[in-house]
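One chain, chain A, appears in both complexes that follow, with chain B as partner in the first and chain C in the second.
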Partner chain A sequence: MNDGDMGVIVRTMARATIPLIGIFGAYVVMHGHLTPGGGFQGGTTIAGAGILFLIAFGLGEMKKRYNKNLYSALEGLGGLVFLGAAMLGIGVAFFYNTLWHNGPFFNGKPGTLLSAGYLPIMNLAVGLKVFTGLVSALTAIALWRRWKE
Partner chain B sequence: MKRTIAYLSLLFIVGALLYIANPNYGLKFGPGGEDWLKYRYTDNYYIEHGVEEVGGTNIVTDIVFDYRGYDTIGEATVLFTAIAGAIALLRPWRGDGK
Partner chain C sequence: MPFIVAFLFAYILWLVLTAGSNGLLWSTEELVAGLVFAAIVGYATKDVVGENSTRFLNPVKWVTAIAYAPVLFWGMVKANLDVAYRVITGKIRPGIVRVPVELENDAQYTIMSNSITLTPGTLTIEASPEEKALYVHWINIPKGLERPESSKPVAGPFEKWARRLGR
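Right, the complex of A and B next:
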């Protein structure tokens, strides 16, 4: 037990379940336009995997893996991709789904993965944004240990 | 004294809201049949035209990201601001180091 990590059972279980949670979250984000869920819900699920990593392996391991600049840059990038997808049909209107009406891709039959215009792009962007934002916030809270020991 | 007035006004607001929420005078819960088209015509439009107009079979995503995308932009901005504020407030203070 060094620097707040859990025991060996918890760490082994976390090693097994973190990829599963991540894959499930990525599934929820990718199928946001087909099934219940979407960017916010899937992003929170993946952030749950990050928080499990943080509490299972401790703050020391998280400090090694977590890069503040990268995570803040990715959060801004998610927002920018969202805005960019909204601007795609700016010739007609803001939030005009031009990929769906006359786009080169993402215009398959409704119900297939590559359909629904900019919706998958926006879901991915929002998922990235929510995941990086929540992981950054929780890491900042975990790093804030100013109480007297 | 002030606290008494505050509780009394809270009681009044709760009573007024309960009156409004009574189906005999105000809101109706679970409208169906004719009431559906009378009170929920917007929902009806989304359900009927969502798939052809936006393309996603998830109507909630269609509404949230296409019909009412501005709201989602605002929501993402709120999240961004909340996280930026939390991280800005949780930075180490000056002279906080070991």
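Right, the complex of A and C next:
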């Protein structure tokens, strides 16, 4: 066992399950307008995969993979995309769903994947923001290494 | 190449989740969205699934896994009935035994340990590849088997299967 990671069984099972948790979270985010779930729920699901990586492989491995600037930039990007989708129909009103009423895409039959106007874009943006934000927050907490002063 | 493993793994789960979007099959947009997201997930987790995970793309291994399913299920049925008997009668002799095993890699240890834990009455509490042994909590150690020579009395045929599946 290396420093700070779990045993061989937990590590191997984490190798197998992290891609599955990731794709399930992406499914929840992308089908937010069709099935229960959405940006926040899917984002926390994917963040769960990141936290599983942190716990199973230990902080040393996480430090090598985690890029603070990338995660910070992606979190900002998620917020900006949400705002951009909200501004699309500013000619009528803020949050006016112009993609649904007369947009070139995302205006399919209700119940299909490419419907509901800006909702899939906003779900993706919120999912990205929640995932990067939660992983950043928990990595920062894990990096706090003094138990007491 | 571990990208391919993570990508296929993710894409198959996506197909399972979205089945039925076009009749009983998949609509085109779901297939394309699945490709995109599986590619993202595969790229992000290609270092996690590991360099030597490509050996699980071998179809012979999938057939072996399907053949292993009834063996594991039958072991679980037998062991559950045995534990029900022990709950009623209270005849137990618990303890932790060290089981020497002849396994080579992490996947074999994982399959073996999970099979032992899934069959009630035995519970893996530590897998130690350094000393080639598992530490197993056993609900009823038969007299004279406190230091088993092989995994046969503890796990039955599971070691043979784990060696075959994880090779």
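General observations
By definition in this document, the second predicted complex is superposed on the first by the 147 of 149 C-alpha atoms of A that agree within 3 Å, B and C clash if a C-alpha of one lies under 4 Å from a C-alpha of the other, contacts with A are read in each partner's own complex, and residues count from 1 in each chain.
Operating definition for what follows: contacts are C-beta pairs under 8 Å (C-beta built on N, C-alpha and C of every residue); 3 or more make two chains touch, one makes a residue touch a chain.
Since this is a predicted model, take the numbers as computed values, not measurements.
In this superposed model built on chain A, chain B and chain C occupy separate space and fit side by side.
Once the two complexes are overlaid on the shared chain, A:Arg11 sits against chain C while remaining clear of chain B.
By the document's definition of touching, of the two partners only chain B reaches A:Val130; chain C does not.
Legend: residue contacts after superposition of the two complexes on their common chain; A:Gly22 is shown touching chain C, with no touch to chain B.
Comparing chain B with chain C, the partner in contact with more residues of chain A is B.
Rounded to the nearest 10, the angle at the Cα centre of chain A between the centres of chain B and chain C is 110 degrees. Once chain A of one complex is fitted onto chain A of the other, the partner contacts of A:Ile141 are limited to chain B, with no touch recorded for chain C. By the touch criterion defined above, A:Phe82 reaches chain B but does not reach chain C. When the two structures are aligned on the shared chain, A:Asn107 is found in touch with chain B, with no touch to chain C. After superposing the two complexes on chain A, the closest approach between C-alpha atoms of chain B and chain C comes to 14 Å.
The contact surfaces that chain B and chain C form on chain A in the two complexes do not overlap at any residue. On chain A, the positions that touch chain B within their shared complex are 32-36, 38, 40, 75, 79, 82-83, 86, 94-95, 97, 100, 107, 110-111, 115-119, 122-123, 126, 129-130, 133-134, 136-137, 140-141, 143-144, 146.
Across the complex, chain A is touched by residues 6, 9-11, 13-14, 17-18, 21, 27, 29-30, 33, 37-38, 40-42, 44-45, 47-50, 53, 106-107, 109-110, 113-114, 124, 126-127, 129 of chain C. Per the touch definition, chain B reaches chain A in the complex via residues 51-58, 60-62, 64-66, 69-70, 72-73, 75-77, 79-80, 82-83, 86-87, 90-91, 93, 96.
Residues 7-9, 11-16, 18-20, 22-24, 26-27, 30-31, 53, 65, 108, 112-114 of chain A are the ones that touch chain C when the two sit in their complex.
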